[in-house]
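Here's the structure, in structure tokens; my notes come after.
Residue numbering begins at 1 within each chain, and the chains themselves are lettered A, B, C and D in the order written.
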Amino acid sequence: MSSAPTSDWISITENPLSPDELSNWVIRPNCGAVVTFSGIVRDHSSTRENVIALEYETNSELAEQRLRDVVDEARARWPALERVAIHHRIGRVELSVSTVVVAVSAPHRDAAFAAAQFCIDALKASVPMWKRELWEGGSAWSDETSPIGNARDQ
Amino acid sequence: MSSAPTSDWISITENPLSPDELSNWVIRPNCGAVVTFSGIVRDHSSTRENVIALEYETNSELAEQRLRDVVDEARARWPALERVAIHHRIGRVELSVSTVVVAVSAPHRDAAFAAAQFCIDALKASVPMWKRELWEGGSAWSDETSPIGNARDQ
Amino acid sequence: MAKLILLGPAHDAAGRREDHFDGVTLDDVLKEAVIRYGADFGTLLEVSQVWLNGEPAAPATRLESHDEIMVLPPVSGG
Amino acid sequence: MAKLILLGPAHDAAGRREDHFDGVTLDDVLKEAVIRYGADFGTLLEVSQVWLNGEPAAPATRLESHDEIMVLPPVSGG
């Protein structure tokens, strides 16, 4: 299930993300549904209060390749998918700011919801990305980790 | 399960919708997930090609009350929900433009996805709203209808 | 006099958005409305819900003045 | 010489982001790396995946020059 180059927009970037730009980009005339997921820096994790920022690290080339695998798998499962955009920030991201955005379009909403949720689940499981939690006066790698897997196993 | 007045933002409006404004409004410091659904005018329905616009009609007072029922039911089912915003346009809406936007925030993504999907499913089933499909030279009420139901039955 | 509010396809079928009726029960008003608007409205009414003052109500419900009856055809929001 | 790339927590544990090793097999390099970096790195390696040129590879895989080995600790994206 290959995808035309213009149908996907994948990026690993140090720049601020724009959920709105991605949501608008995925709109197509035959699509009645756009679902957008935005992952946001929150003030706590399962092991820590008072988080003020996260810092993400990856190998961008490998991460982009794995993101493409995620999108290919989503297209195999939901052939009605139209456009898919996934952007992930690296570097430091402040509280309440987006770290990752997934936007997808489809003619009907069921496929759009299912594919968007699959993309973020598969991203978290299969894309090499590590986050450090920052608080006043310290930082540590996140404890919320999983062994790296494959998109198709999600 | 009552909700603080500042936690919900419900609107039936003739003005253009801004998915971005709703997505930003729902962000809270304890939230790691925002899910936004945007319903878009598409170029076809199950019975018609070449749709160029939709025209929505409702009784706004009743529709807003029923939207509040939808949100209350979502909060009862997913107590972790933080903010919920649902805006629905009435009047004429052109191709590729948003007719309805649902944005929700939660600490974790599972609740955000489930609640957003519930809200749009329950809206379609329980909010009095009728759409007319417009094409070059004509128009007709949508055939994609369902008897009006209750949010809690979705 | 009860007010009848005709929404969406119901206003097309009735040729108006609201109307007024005398009638002892909800059912009286609906029967009179079918006579006034014709068979197409009757057909739509069969698949529609009828609410009294914002809530579903039984056909035998007795009306009071200023009651508001809404005819709600099958919906198509979103 | 094979290049070892140390990602996320692995670069902290090793004290560097990349390094170079001689070794006939992948396993040779990893054993040598644990000696060079110490026990904390060894502990992290046990829960990490090791990829060769962008793909999972068996420990017995024989190395060629310019091979790129990546140590991928458990991930936490999104």
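In this text, a residue touches a chain if its C-beta (ideal position, glycine included) is under 8 Å from a C-beta of that chain, and two chains touch if they have at least 3 such contacts.
Treat the numbers as computed from the prediction; the structure is a model and nothing was measured.
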- Note on the structure: Those chains that touch chain C and also touch chain A are B
- Relative to chain B, largest Cα-centroid distance belongs to chain D
- Item | Inter-chain centre distance, chain B versus chain D - centres from mean C-alpha coordinates, in Å | 49
- Item | Chain centre separation in whole Å, for chain D relative to chain A (CA means) | 26
- Whole-Å gap separating chain A and chain B, where each centre is the average of the chain's CA atoms: 24
- Task: Would you mind listing the residues of chain A that make contact with two or more other chains?
- Result: 39, 120
- Identify all positions of chain D at which a residue touches two or more other chains, and write them in rising order. none
- chain A partner contacts - residues on chain B that touch it in the complex: 19-20, 23, 27-44, 95-96, 105, 107, 109, 112-113, 116-117, 120
- Across the complex, what residues on chain A touch chain D? 39, 56-59, 62, 65, 88, 99-100, 120, 123-131, 141-142, 144-148
- Seen from chain D, its contact residues with chain A in the complex are 5, 7-9, 11-12, 47, 49, 54, 70, 72-78
